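Once you've had a glance at the structure underneath, I'll fire off some questions.
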């Protein structure tokens, strides 16, 4: 049985695992105060070109979104996000749990449009009644989006400009960021992100770590007593080393670039094969997630050999499914899947 | 200067005020345990035809929505509402403040459609992934809506049926309920509401009380230790008598019907006059709120004599404004306004 | 049947009620933007000697404590209070409901001691581990306390000094403040409070209003977008006039002083009578609450004629009860009660 | 430099690490649905003698306390705990963050007393006023406590009995549980805990895991949609395998017993050496935490060679410090420390 279900099916990338093994018996101080956390942060800052940034290491994606949004927003503020954003749909209300509304914008291929953002902000402040409403206090985008799509540099610049005009931070959910910057079609680099976003996180869980997400406050805007607030959210890891060692490894000798590349290359072959085999694409994604429409009968057959993600019902006869590649995907398995798909 | 800005510009209806004066020096127990609260509740139950209901008196509308939604929902549930619902837009995030998401549905004339509701619920439970999402735990409707429109009995029956099928309560925000049941065009009575809704509140603030909203749990489904939870929300009034005496008066000799009738009759004359004067209606409302589109120049002139509500910008040259009548509106003032409007 | 159960058994003081009647049909703007709210605030500032203060009118006591504490504290901060403070014990967890811990200090006659406060703060900052703890962000005191006792000016100065040293606000719950400043034994004036506290509220509910509490931020430290946050807490009254008119009346011609004086004078006669009759006092209170220990048999007899508050069980044979006088207490009823008490 | 600072200074026990390595490239489903989570849960249930229990794996201790307390309590309930309980003092207000008060009881050697618990509950329900108070909804104990002390079986039985009488669950924080059951002096087994507690968790972080805590609901009382609520708290790990594989290893061939034994044996030697060297014990702890009082000058000297935990200032000349042993402590290092201590 092959799995293309998601990009977190395996444990850790071998180099990362090796670093955990090598450092295992070192006695280190807790709660992220160890030297591996320190060097990991420095390496991340260097990679992002944000020497003045502040970095904090957390454990999971929803946790990270919740903590960033809750601690950066004022209590009377909400976060603007695409209707399809992860925070809007698939976090079980983790944002509202901390008291903040998600102010939804329409989406196109999973992305928000600068014009819609501008319109929301203008209407809000134009309406004399705004003191009875939730203040828009932050813009959330995901890159890649939930559909595997990417913002262009120009699009990011436009969003960034509007945010600065209204003095609200632009926050990027980078759960799959390393796959975004590895995409062939993209003109957005990690350094661009470091320049255009106020806050973003680099996902580790989907990038070959056992767990871990690295939050970057590009302009030293980490909220006061952030460690205390992380603790208050129940998210402060005692053995912070687990995050420090892994992120240190991910950002040593550009491992994150290699990991990203493997996912993109295997996805490209898979996408090409699907195209040749005549499958309809649900969306055109340049990263490691591929969405196709499949006949329900064929899907049933496929699932005898391969695990994929159910995405949504297209109509009574067809289903949208997702293939995900990752750091761990072996090309030979892509060929095997294509073989299965051609035989349906 | 005439005011048609809203339906809470004056103090209390004279009969209600008189009851407050007459009972003022009686020594009564606190927190809603006095006999006026008791008789008020009984009279409300009788008027709604819900002899088995439980009634609780609160102070304001947003407060009531917040408390009902927070205490009735499980912590992992959200409330379904129209995108234009009061809880979605004009309560400063009071629902999210208590940890619950507002799950927005499209609206038509301020109303949600049974088909959209059914679709949301079917999609939610059809998607195997729902444990990562906010559970739909209640349906919120306002009647009259924020646009002064009304559900038909058939529409309420359809919503009620879907709610029962999915075992979630149907909750009606009745901030202006007495104006809804007084409308000429409506086929919905207070007793219908008592039958079709699981929870609703009858607004007092907009119905001639100094303050006060009466919540009705039609099937004795008041959450356990409700008084404690009201207290915990900071909403338990020490002098509960203030609410008891007023609601007792409102439901004595059908005062609520008379109050409703005055608002509807004055609105009808105003609407008729506006029609004759050729004004464009923004929406066709059968209750005490009237929305028209007006030329910005004319609006400026109008505002020299009359206070109205700004609703929204229509385009660069036109504005949507709202006139509201109430228990306190005198017919002679309607004529005066019409005179002004005709002269613009 | 006579009631000495509490100081909120009647409706409104006649002068206050008259003002409500006189202004009833004025058309006023909502949400506290009317001119009565404005003049009420100005009169309160003048009475407190805080011309630069900001004042906000709210509806109830627990609501006020909740909103002040929640909006003034940072999310990682808690409020320091006596173990017997109202926020610690009798608000159904309204403070914790908004995410803040009540950091309890020991009490003496309902009051916290400067030495204990200093010790708490020194220990907190002395402990290198404080980032894992709740930060002390405010000091809450009640004056009069829940036992009717009063801080001396010297005590307030000491607390104020410590607060300033640690840069945390001193907040006074003045639910019964007008009875505190009317006490014969006190050396604390309203202007002293205006000088020594950073935030305090003047209770209206227990001072002859139907409802209402006036919050004073003595140094213009009202949190940003306070109206929005009040709305978000469900506490913004549509007919703000109800609060404005009443507080305007309370602070016109020093009505608040007269109201306070009546309660104190009737309490003094009652206290004197109890002393002569040989009753044991549970605590020595100089304000309008009197606590005595009574034999259970006598209590049963007493309750045939008078309603009082059960305070706590003293032992198997005795009970602590509370008598409360107020603006509404008539001297003749004090004499009647004393007659009953002497006859037990 | 030797570290006796805490029991989470190293990474993972070698057997646990080996299991992570061995299973690393298996493709497993996410969010705790993999077969390792399944077998881990079964093994835990067997070890606790609770075949009918429900088990859930979480990441950290504060997170676990927060989620258990928040999801098990009704919104109007608080949790009873010792004044020195971890939830009362060192979790940065994580319990209050979710809206619940910690109702503090006095402690003796870190433990609550049955008599105090009974008294709190009796007083609460005896007071007619309880609807204005926080309902006691759960009892929290830690075992070992924050002072390394242990409840006796009799003490647990008494607490359990009172909890059952009042129908509130007894919840045990077992962050260091494996060291508790390994203690020589204890008469409490894991099976006793499975019988006497309603909910408890077995700490993994301090027991040789990289991270992880296993919650046991002994009577299938896991709150509805628990996974959703964990997600809502931001605590659902994508790679649930990380927890499953480690706990599976910890409960295979009784590894948890061996791990506990090493900590206890090394602690015993350390304790004995300290006794012989004449050091004053701050508290008599039978587990892996040892508290002594040390002269500040000696402490300074000690810290040149050994890292220990500062506990608290005893007086101007003395400090309370803590030594912690663990699964990773080597006996030779205990001898080295004792050598240093004897030379001070």
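Observations
The chains carry the letters A, B, C and D, assigned in the order they are written, with residues numbered from 1 in each.
Definition applied: a contact is a pair of C-beta atoms (placed from the backbone, for glycine too) under 8 Å apart; a residue touches a chain by one contact, two chains touch by 3 or more.
Keep in mind the model is a prediction, meaning the values are calculated, not measured.
Touch-path distance (fewest steps) from subunit A to subunit C is 1. When you average the Cα atoms of each chain and compare centres, the chain farthest from subunit C turns out to be A.
More C-beta pairs touch across one of A-B and A-D than the other; that pair is A-D. Annotation: 34 Å between the Cα-based centres of subunit A and subunit D. Centre-to-centre spacing of subunit A and subunit B amounts to 42 Å, using the average Cα coordinate of each chain.
Residues of subunit C in contact with at least two other chains: 76, 91-93, 97, 131-133, 228-229, 231-232. Every residue of subunit A that touches subunit D in the complex is listed here, in rising order: 3, 5-6, 8-12, 14, 17, 20-21, 23-30, 59-67, 91-94, 97, 205-206, 210-211, 228-229, 231-239, 241-242, 307, 328. Contact residues on subunit A toward subunit C in their complex (touch as defined above): 70-71, 74-76, 131-133, 135, 224-225, 227-229, 231-232. Interface residues of subunit A, counted against subunit B in their complex, comprise 76, 78, 89-93, 96-102, 104, 126-129, 131-134, 310, 312-313.
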